[in-house]
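Next come the structures, one after another.
Two complexes are shown next, each including chain A; its partner changes from chain B in the first to chain C in the second.
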Partner chain A sequence: MSRRNGTDGSLLASLPYTLGALAFSIAPHVQYLPVWVTVTFLSCSAARWYIEKRRWRLPPAWLRIALAMLCFLAILFSYNQTISGVGPGSALLAVMGSLKMLETRVRRDQFVLLFISIFMIMASLLREQYLWSLPYLLAAVLITMTAWLRMSQARDVSLLHSLRSSSRLLLYAAPIALAMWIFFPRISTPFWSVPIDTSSGRSGLSENMSPGDISSLSLSDAVAFRVTFDGAVPPPSQRYWRGLVLHQFNGRSWTGREPLPDPKARDRISATGDAYRYQVTLEPTRQHWIFALDIPVDWSPETIKMGSDLHLAYTFPIDQRIRYSAVSRTRYSVDSQLTRMARDWYTRFPEERNPRSIEYARELRAAAGSDERYINTVIRAFHDEEYFYTLQPPVLGRDPVDQFLFQTRRGFCEHYASAFALLMRAAGIPSRIVLGYQGGELNPYGNHMIVRQSDAHAWTEVWLADRGWQRIDPTAAVAPERIESGMSGAMFGEIGASWGLNAPAEWLHQLTLSLDALNARWNEWILGYGPENQERFMKWLGMSKPDWQKMFLTLIALVTIGIVVISIVLMRRNRPPPRDPAAVLYGQFTRKAGLPPRTGETPFDYAQRLRETSVQQSDCVDRVTSRYLKARYGTPDEHALQELEDAVSKFRRSA
Partner chain B sequence: MSSIQWQFPRLPGVLNPTRLREAAQERVGRWAQKRQGKDPRNTRLLSKRIYILPTGIGLIFALMTFAMLLGSMNYNNNLSFVLTFLLISAGLVSMHQCQRNLVGLEISFAGVDPVFAGQSAEFRIAVTNHARTRRYNIQLYFGRIRSDIDDLEPGESRVFHLDLPTTARGQVSLPRFGIRTLFPFELFRAWAWLHMDLQGLVYPRPADHAPLPPPTETAHGHRQHDARGEEDFAGLRKFHSGDSPRQVAWKAFARSGDLLSKQFSGADTSSQWFDLRQVEAADFETRLSILTRWIVDAERTHADYGLRLISDEIPPANGAAHRHQCLEALALIDFDSGSLS
Partner chain C sequence: MQRGSTQAQMPADKEMQKAALDTARKSLNSIVLGKDQEISLALACLLARGHLLIEDLPGLGKTILAQSLARVLGLSFQRIQFTSDLLPADIVGVSVFDQKLAEFRFQPGPVFAQLVLADEVNRATPKAQSALLEAMEEKQVSVDGKTHNLPKPYFVVATQNPSDQIGTFPLPESQLDRFLMRLQLGYPNEASERALLTGTDRRAMLEKIPPTLDADTLGILQDNVERVHVSEPLIDYVQALVRFSRESPEIETGLSPRGALALIAAARAHAFLLHHSGVFPDDVQTVFAAVAGHRLKPASRSGIRNPGELSRHVLDSVAIP
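Up next is the complex of A and B:
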């Protein structure tokens, strides 16, 4: 039994590197993993190394099994009883790696650790793909290969030496890998649906809106999407990126419904005005919503469908970056007629909540005389009266709209949109809330527009007889700078003043913009190298009508060429060192003499044998022998070599 | 309470996996020998005789990269494509490195010492790396017998040992052996077979319980002398290794070229004669074992001893060479020729 668990220090040469490789591949996961997983990993690594160093025994099997069960239960507990997805999956791998260390006894057991380390690298790439992910990936592969290589080096070679060997191997592999990467045919539809970790906390739009619940809105600088326009760019006041539509109000929250494609929706739009053509690269949201400039009239690919609220939605949850193109027009009219049922639906609200607002709306409507005039009155009220735009509004109570309109009078877009929509509904005007983004910053370095999470916005649409649905943004009445110069312009006064700061340095802003341009290229060409980009690239390379067979054949041809080249390079490296020129000349001499030297025969013995076997010019033989010894074993001397050459050329085999 | 033990049903000989594998190895070995012919005792490995196949770990690695490829395709994740393709290409490169790791090695037989039956015969095989690069993870093997694993520096020559167990006296033969490497990632195993047809000598096993050796005879002599008597020249006989150079008839050698030893009579030497016929034991092999034991013990006391076999005899002497001569005779004696009376 003691033999089975004993260690003998034989892994000291390779184990630290295996553990290092594993640690390096787990490092990017640490911020997402539960703390106990990291602690388990670190303590198991330290324990394993110490056991090897001290030649102690490994923990007994029952303890390892008990630990494994415990860890498995802990993962189920940490991840709400699921083990699928990147989060629980990487936690499980990390724990498996930690426990496997405790039973790694012989050299070969480390393969499991290295394979786990490779899977961890892959999991971190599934989780996030930043600009630095590629260098990280290369470094991680290099470290893993070094650890791997050290397992099959019998002698204890220096780390530098193994590092050099593995870098060389990676260098040989890189061109082949590049050819594979470029030519491996990409497919657009996934084989199976992808569970992606939702705990990583990426900000997106929430699918309902309850103004008053949150008391502060964080300004996330994360990019929501990037837009490249073909031609004209809309002015800031027209940059309304329509997302989802909410139309059900319960007195506090607005909710929408699951996106349902409506094939007839497109026909309800009659649009005029300038057409904007653009491509959007949307960051993953894990939702279905597609954002398009108000209002999209044409779009591709096919997987994007329009719903009855004229929202666009993707067939699958968007859990990876996608790219789509669309055409939008800014002047339009939708649904000039509304059915009685639809009218009812868009004017519904709970009577018992927010009574003051409802009362106020009815009074104003009666005074205004027409719907248009009523709307103008409300907008003017928001603009003229003491309403403030703030990202830190007070929390609101049971009747949030009442409290907001008549007491606190502070809020951001959601508060204004919600209050406005209710005021409309109370006056019998159909209204709904639109969530999306407003604004966008043009990046001069990349010639594209960046729309950030902080540009998230809520506005309203009201239906007027004969004119159909019209966009009205009540926030614009309160904080026109929010609309005109974007979120940063609107907010800077408030935040900067409260922190006693000046505007951020211009160079920092420029730096951010150029980094973003780099990122956009990276996203488009490296991360977004999908079927479309591949086809474009193949055409650029001169492949007519690229299809997967052609690409595959090219791939195979290139890989074969690469392997042949590498095999030649390896063969050249394996050549023996060049023979001593003196030895070469001496070889000529023995061939001339017609008597092959025996193994281990000294030149003197050979000369003796030569003289005995046949009548040779013995002085010639002696001269060759002595000059050979001088040229081969004497001090390095060009002259000696020349003399030897002369002697050999003068030597003639006598008959 | 008795625990029930379920036994794996005995397979008939043909289906026994171990036997099947050994039979297959034997066949493949013979095929390789036929293909390559007999190798000289000093052979340079050329690439055409190096075979390569993935290892178990290589197959697991292939499965793993395939799964990673499917995953990358599904997630359309270009960075994990990078990782996957990098690993696949590294695997392909490692295949070539693995094969290259053996090409050009020089393998030469460096001898085997005689052993007693039951001991392991240690075949020494030198492997020389003539290249400017290191060679890693080199191992020699024959069946289940493995040498150490070692690396070779550029220009280095290292002797590997193959310890073949022996059971009976005679020759132990190493008809072929393999040299293999798993470098760099153990994904592939490259190997080559060498058919040098090496032979080692196996002395009989010294008997554990031998009867006492026959008494010491002191011929003509008056006193015990540990050197050979050199008084009266009696004649010449063929030189046996182990004879003292002083005993060699150098003049005769100069004349004829044959090495002869001078024999002296009347030496006052104490000497023992170990006679095969006079050993009291049931069978032939036991007699040989007893003789072996006597020789080993006599050599230890530096006493002179001679050996009489059926038709041969080795005159009394001592020393390592003499011991070897006697033991070799015992090792190679043919049973059928020994009609023991």
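Up next is the complex of A and C:
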């Protein structure tokens, strides 16, 4: 038994590399794994190394099995009784890798450890596919390969040499991997796809709005979406990214409605302004809303539908980054006529809440005489009176609009939009709130616009007879710089836009912009390389009507060519010396005799064995043997080879 | 047969030389029974101008082998029995004062013979041992500032009892290296022993056997041995053996370049002895254990301690090109 569990220090040289490679590939998981998994890994690695160093015995089998059961139960417990999914899966892999160390006795077990290391590297791609994780993962693969070589190479090979060999191996594999990536047929909704866990804990717009919702969003630097314009870019004051529309008010919060498609919605728009064409790459939101420049008149793909409130929505919740294109016009009019029922709907509000505001609205409306004049009065009131635009508005109580309008007078866009919409409804003017983003920063490096969560915005639309729905942004009256220069402009002036709240220097800002440009390319070309991009790329390569069969055949052809080229390169480098014709003939003889010569067996010994084990004609065997020795090792003689050839062919005939 | 034979005469001479060699082998086999392999190796060692170390227990025919070699090859023979009080002068000789001529005259020691048998060389002190070994190496002896050349051909057969016997000074590795081959005779097989027991006395037989060669012919044979063809693949093979002996984890000290040269020289002589048209891998393998056995040092953690097994391990691990 001691022999089976004992260590002899023979792994001492290569074990640190194996453990290091494993640690390197588990590191990206650590922040997601329960702490005890990391602790288990570290203590198992340390224990295993110490055992090898002191040549102790490995823990007995019953202890290892007990530990494995315990860890399995601990994972079930940590992940609410499930082992499916990326989280528990990678935890299980990490724990089993740790325990495998405790039974790593010979080189074969080390192989298993390194396989687990490779698997951990792949598993981390299920969690995140950021641009910056790529170099790390490549380095992890390189380190694992090097550990592999350290394990199998002779002891006196230097580390640098192993590193060079593993880099070379990766380099040989790179073209094949690239071909696989490009040509492996992509399927639009792969059934094996694992939803990438990116939206949890991330902020975004939600389907209702109460005071304080958007101001909390404003603290987030996260990218909401990126836009690439085909031609002109709209001026900052026109960058209203329409999202969802809220029209139901309960005195405190506004809510919208389920995104139901309305096939006639598009026909209600009569747009006149400049047309802007653009593509949007939307980060996952887990919601249906699609953001488009106010107001979208055309869009693709077909899975995007327009609802009756002229908002766009995706058929499925957006779990993965999607890309869509749209055409928008900035000047438009919608619904010049509104049915009685609709007018009634858009002027509803709870009478018992916010009584001062309702009273105030009715007074003002009576004094103004017309709707237009009334709107101007309210806007001017926001502008002239002491209202402040702030990210830290005071907490509001039961009648938030009253409190905001008459006491605190400090608020963020949602406060102004909410108050304005209520004032309109109280005066009998149909109004609703639009949630979306306003602004966006043009990235000079990538020629695209970044819209961040901090650009989230709420504005209002009011319906005026004959003019239809009109966009009115009360925030613009209070803080026009918010609309002109974007969120960060409103808060801090010009610099630090992409840092939102804390950009220390201009150069850092430039750096983040260029990194973002790189990231956008990464998203567009690497992560976004789905069926559409693949089809476009295949067409660009000259493949007419690309389908998966053509791509697969191309892939096979390319991989074959790649392997052949690499093999030829390697073979040319390690080309064996040209074979001696005598040796070739002797090889024919041994093959015909059907008995392979052993390593280090001389021709005489071989002939002897042949005589003993088979019924071959011994004189033929002897003739071949002596002529071979003469031709190959004897004094050079021009007839020797011919004689050998005769002897071999005679032997082949007789056999 | 004269040394000055021309190239034109060579083929005919060669046949005669080969015949003489075969006769010599046959004669030796008739005296030392059942040791064909060892006799061939001893002859090959002599033809390769090397010295021979025979390591075995007493009474296994070491002395008789050496004596019969001298007799059959027609060489002058001297025997030095090494003892713990042997002095270097007892080996190489001394200058003595000649009363008649009134001058010092060098009195050659037993080392001045064409075949010297150094019996039980490990019983003498290292000082005495090194006197012999220096003579072997230099093929000359310096006494009182005067250099005396040793006869040609010059061949030392040293015998050594296994070193675990009491009162011995085993030869260190550096000294062992001076012997081209080390042989172990071992016990004769049943049939040979029976023939030995029933037959006539070996020493009496020895007196009756005519010499088949002489010193000059031996010199020519030695020259011819050096002309045996060594092909490229054979050099590859020897290199592979040497490389393996250096890289194998079972072996601590592999073959030196001198060891590789010795291997080729011995293989050449063996090929010559067997009338091969060049050096065959078989020749290398046959002489390998004798040439390399005392030059390889097994690694401390290797399971192979026996030099014969170590040689077999090398031969079985290296492919023949």
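To be clear about the criterion, the second predicted complex is superposed on the first by the 364 of 655 C-alpha atoms of A that agree within 3 Å, B and C clash if a C-alpha of one lies under 4 Å from a C-alpha of the other, contacts with A are read in each partner's own complex, and residues count from 1 in each chain.
Basically, contacts are C-beta pairs under 8 Å (C-beta built on N, C-alpha and C of every residue); 3 or more make two chains touch, one makes a residue touch a chain.
These numbers were taken from a predicted model, which means no experiment stands behind them.
> So, does A:Met145 touch the first partner chain B, the second partner chain C, both, or neither?
A:Met145 sits against chain B, while chain C stays out of touch.
> Identify the partner contact of A:Asp580: answer first if only chain B is touched, second if only chain C is, both if each is, neither if none is.
After superposing on A, A:Asp580 lies in contact with chain C but is clear of chain B.
> Which holds for A:Asp605: it touches chain B only (first), chain C only (second), both, or neither?
second
> Going by the contact rule set out at the top, does A:Arg632 touch chain B (first), chain C (second), both, or neither?
It touches chain C, and chain B stays clear.
> With both structures placed on chain A, which of the two partners, chain B or chain C, ends up touching more residues of chain A?
For chain A, the partner with the higher number of touched residues is B.
> Taking the superposition as given, does A:Val35 touch the first partner, chain B, the second, chain C, both, or neither?
Neither chain B nor chain C is touched by A:Val35.
> Looking at A:Leu160 after the superposition, I want to know if it touches chain B, chain C, both of them or none. Which is it: first, second, both, neither?
Neither partner.
> Based on the A-chain superposition described above, do chain B and chain C contact any of the same residues on chain A, and if so which?
599
> For chain A, which residues count as touching chain C in their complex?
Going through chain A, the ones touching chain C are 580, 583, 598-605, 629-630, 632-637.
> Within their complex, state which residues of chain A touch chain B.
Checking each residue of chain A against chain B gives 108, 111, 115, 118-119, 121-122, 125-126, 129, 133-134, 137-138, 141, 145, 148-149, 151-155, 157, 165, 169-170, 172-174, 176-178, 180-181, 184, 186-188, 190-192, 194, 320, 526-530, 559, 562-563, 566-567, 570-571, 573-577, 599.
> Write out the stretch or stretches of chain B touching chain A in their complex.
Interface residues on chain B, with respect to chain A: 42, 57, 60-61, 64, 68, 70-71, 73-90, 92-94, 96-97, 100, 103-104, 130-133, 136-138, 148-151, 154-155, 182-186.
> Taking the complex as given, what residues does chain C use to touch chain A?
Against chain A, chain C makes touches at 229, 231, 233-234, 276-282, 285, 315-321.
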